[in-house]
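Below: a set of structures, written as structure tokens.
Shared chain: chain A. Partners: chain B in the first complex, chain C in the second.
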Partner chain A sequence: MRTIRLYPRLLGAHFRSLLEYEADFLILAAATVLMQVVNIVFLSALFAKVPVINGWTFWSVVTMFGAVALAEGVGSLFFDGMWNLAWQINRGELDYYLVRPYPVVLQSSSAAIGINGLSNIVTGGLMIGAGLAHSAIDWTPWRVALGVLLLISSVVIKVSINLGTNAACFWLSSPSPMFAFAMHQVGDLARFPLSIYPIALKAVLGVVLPFAFISFFPIASLLETGTSRWVGLLTPVIAAYCAGLAAFIFRRGLRRYESAGN
Partner chain B sequence: MTGYRALARATARAALTYRFNLLLSLGAVLVQLVALLAVWRVILAQAPVNGFTWPQMRAYLLVAFAAGTVVSILGDFRMAFRILDGDVALDLVKPIDYQKARLAEALGGLWIEVILIGVVVGVTLAVTGGMDTPAGPALALFAASMLLLVPLKFLIVYVSTLACFWTQNFMGVQWARLAVVNLLSGALIPLVYLPHWLATAAQWSPFAGLTSTPALIFLERVDLGEGLTLVAVQLGWVLVLWFGARLVWRAALRRLTVNGG
Partner chain C sequence: MPIVEARGLTKVFRRADKGSGLAGSVKHLFARRYQDKVAVDHVDLSIEAGEAVAYVGPNGAGKSTTVKLLSGILVPTSGEVRIDGLHPQRDRMTVAHRIGVLFGQRTQLWWDLPVSESLAVLRDIYGVDHATYRKRLARFDEVLELGEILPVMGRKLSLGQRMRADLAAALVHGPRVVYLDEPTIGLDLAVKDRVREFFRGLRDEGTTVMLTSHDLADIEGFCRRLVIIDEGRIIFDGDLEAVKDRFARERILHVETTRPVPLETLRSSLPGAEVTLEETPLRYAVRFDRFAMTAGQAVTVLATLTDLADFRVDEPSIEDVIRRVYSGDLVLDDTGVPR
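Right after this comes the complex of A and B.
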């Protein structure tokens, strides 16, 4: 309980320091909104000529883009410190974390706040909302609950992948999170319907790095679109698996950690 | 001149030392290539859209990939951090021109990028089938356009990085630039697909020269006359930006405050 209560306070400290740089916040927010606007312009230009891609309409793809934006937004707003892990390992800064009575992984993930996450959460939420509003599904209480559960699971998967790939730095010993960032970019592939990709890529996005469970499978289930609707129901299971695996990788990595020796 | 050459060599050497990072940094452009290839393959399997057939779109996307990869081993992050940290003061005391020095660094990694482009284009063509190359004059014009793309892209990145003198933040500026360039250059989707007013604005902006111009020339979707006009626009923007950047730099230096030693 104390662990949970302290987390917002750790983040809050960074938030206050962030408020000192108002222009920074505005630039980052404007830039992330601009990125989503570009995505929407791109999608509407694409779908203006072709109404449906493998059963997916403009609005269902917008929902997928929104789910990715939402997951990334939560990742950067609440867990941005993970991206500093490589640097923290390289500089031996984990020494401080190790002696404090608080989980190392949470100290690391709260070491920064990505305020751009806020605008991503808002724009992602809007995209999901608009996408769902344009879909022809009946909203029963059970479907609403399913939707909420799937979205939470999708966010958990994204954060877990961030943690797992960043924790790889314990082995890679590079001072920058290049590996994690490259994997993050691979995730951009999963914003499009998985069915358009060759089998090898499907395997990568569905199994090895389950980015497809952040957007494609859960949205397919929720909107009843595409051919593999039931797979999305596995999203919470995949989320639990990813979270467990990421925690395991982090713990194994932490055991390898050997300070910087100054 | 030797000073600039040394800088160019240093960039290439640094890029080769951190080979793994170099490959990973290609990620974004490569992911976009793969995603768009897959999307268009499905769409164009049924019928051509806006006059683009699948082989044409594939060629377009490969040119876009090449254009996106060229001048990407750029020290724009390093330049930004040196401005933000104040280390730029050390660059100022060096007896070389700042803008030319950064250009030399950008050119230094070019040959590595060309090799990487060759590999990716080769693999893509091997997997998805061959490609038609344009006739002699168009090919020459395409080459000229690709050559102009190098200083053009450098200048756009350079000028936007100079914004660090005002903003104290680089990520936001860089993201905004990437988003705008991606859309208005035609890298994300050919400009003809955009609403007419936006396509026209993009066509005359400096960004079209970053993908659309060489790609359209390569596909011979514009005749030689139009192609020459587009390349002239590219050249015009290179000149405007080169001298414009000097003005920005002068204004930026007046803003510069470096604390401590």
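Right after this comes the complex of A and C.
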């Protein structure tokens, strides 16, 4: 489809200027890798004391962390422009988007490349790979397909939450993505097995803002770990729901768009 | 069928009425108060295909808001817009191919791309084939001289360069309707002239053009139809020449004589005209209504009284007329007839 073919074209247009700031790129990449290393060190220290948390071993939690990194990486490498939405709304930058024959949401999300996403994707992929390699499951073709489907769904959920929370700016009229960023911070809680949290927090992370479907539930299903293995099979459904809801919020928000006076 | 049609078009902006500073912001969180601003007020407008229309009015009159409503950027508070019979929000994609918009105050070029690359991205968004694209660029280049600015980064363009590039950007897809909102703002005279010439070319090709400006020099020699908006309401919509005929009847004949003539003599021989002395000796100004006498008649009468060294006739510019409309000196009703 034309819409999909055009997306890399729009995004790629920024690539050249990105390379102008090579130093920035390297620093960001290093920082991202370093953060994942810190995560792993922290996890090994934790699991040196308690080898299993609610049925989760070190390697299964590494897989979870990997899934989060992968989803965040795709979100920033390919859809970083969403985080500029507040600014775009406030400055009236949607004016020209609205008169071009291309979805406004895709023009917005392709407005920037988050190059640190690349290192997140790579480290996330490595963590998932290592985690799966240490698991005891046997890889039937069916399970491989399930794994791919779950990971794609997980990425869709993360990107949809980014979109939905950033689109809140149509109502909040703040020039910065504070709200979306706060929600993103909440999502960090879902890095750990959900079963360690009290019920209220479980409800938030599983239902209200389904961060738990980015890593906890789908990885539990894939690795057959923990107590609620079947829930993860709903991940594609949740993904479709999140994408639909985010698109709906964006569309409603767009009707409220008031441009900017000069 | 008109290509652009608006009925009862109204836009009310709701502005948060915040007090100043932090205290104001906090108070606003608890008791939200708003102030309504009617930017466009029941505007009816209908533009035929191929028509060129000037949309003028003072700053803050609602010109840009009207353009945003007519291009589907804003959803009207009430009333409706049709472009080629289409609804600008419901049929956004189709409408987008048919309209081109330029906001002189804001660029649509990518700041981190050279102009050539910005234009190429737009070409791909609109799905213009390469041959057509090259032909169009070549044509823009004739008047706008794009060649020198194509390799320049968006952020490094001067205002004049930016406006020329933005004009090309607004037209890469060959739109049938073009809205130009303050397209000459801030430009120096040489660039202004070039840009104005470009507009005339656009009009001559049969593109429907709505040109918004508060610089009246933009519209003289560009279009026959004039729409004046003030405080969100259309106060005149009609023929530019008719406005001039109706409200710019006054002519001023400046004469220079070879020897002094008593003012009284001149006045009695030109009843109905107002004769005054000008600052320099031997120069007189004769004000008259062009429908009461012609400049030729006035000159003939004066020539019987004395030898004329020189004369010149001034007619008021449309600028003067519109200024009088703004100042409330002239009141027009919807049909453009003075009340």
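Throughout what follows, the second predicted complex is superposed on the first by the 262 of 262 C-alpha atoms of A that agree within 3 Å, B and C clash if a C-alpha of one lies under 4 Å from a C-alpha of the other, contacts with A are read in each partner's own complex, and residues count from 1 in each chain.
We take it that a contact is a pair of C-beta atoms (placed from the backbone, for glycine too) under 8 Å apart; a residue touches a chain by one contact, two chains touch by 3 or more.
Note that the structure is a prediction, hence the values are computed from the model and not measured.
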Exercise for the section: Tell me which of chain B and chain C touches more residues of chain A. Expected result: B
Handout entry: Touching partner for A:A203 - first (chain B), second (chain C), both, neither
Key = neither
Practice task
Identify the partner contact of A:V237: answer first if only chain B is touched, second if only chain C is, both if each is, neither if none is.
Solution key: neither
Problem - First, second, both or neither for A:V144, with chain B first and chain C second - result: neither
Exercise for the section: Examine A:G92 and indicate which partner it touches, taking first as chain B and second as chain C; both and neither are also allowed. Expected result: second
Handout entry: Set of chain A residues, in rising order, touched by both chain B and chain C
Key = none
Handout entry: Of chain A, residues touching chain B in the complex
Key = 21, 23-24, 27-28, 30-32, 34-35, 37-38, 41-42, 45-46, 48-50, 53-54, 116, 174, 176, 178-179, 181-182, 185-186, 188-189, 191-192, 196-198, 201
Handout entry: Residue ranges of chain C touching chain A (in the complex, touch as defined)
Key = 13, 16, 64, 68, 71-75, 89, 92-94, 96-97, 99-101, 103, 105-106, 108, 110, 112-113, 117, 121-122, 124-127
Handout entry: Touching residues on chain A, where the partner in the complex is chain C
Key = 2, 6, 9-10, 13-14, 16-17, 92, 94-96, 98-102, 173, 255, 257-259, 261-262
Practice task
In the complex, go through chain B and note every residue touching chain A.
Solution key: 20-21, 24-25, 27-28, 31-32, 34-35, 38-39, 41-43, 49-50, 167-169, 171-173, 175-176, 178-180, 182-183, 188-189, 193-195, 198
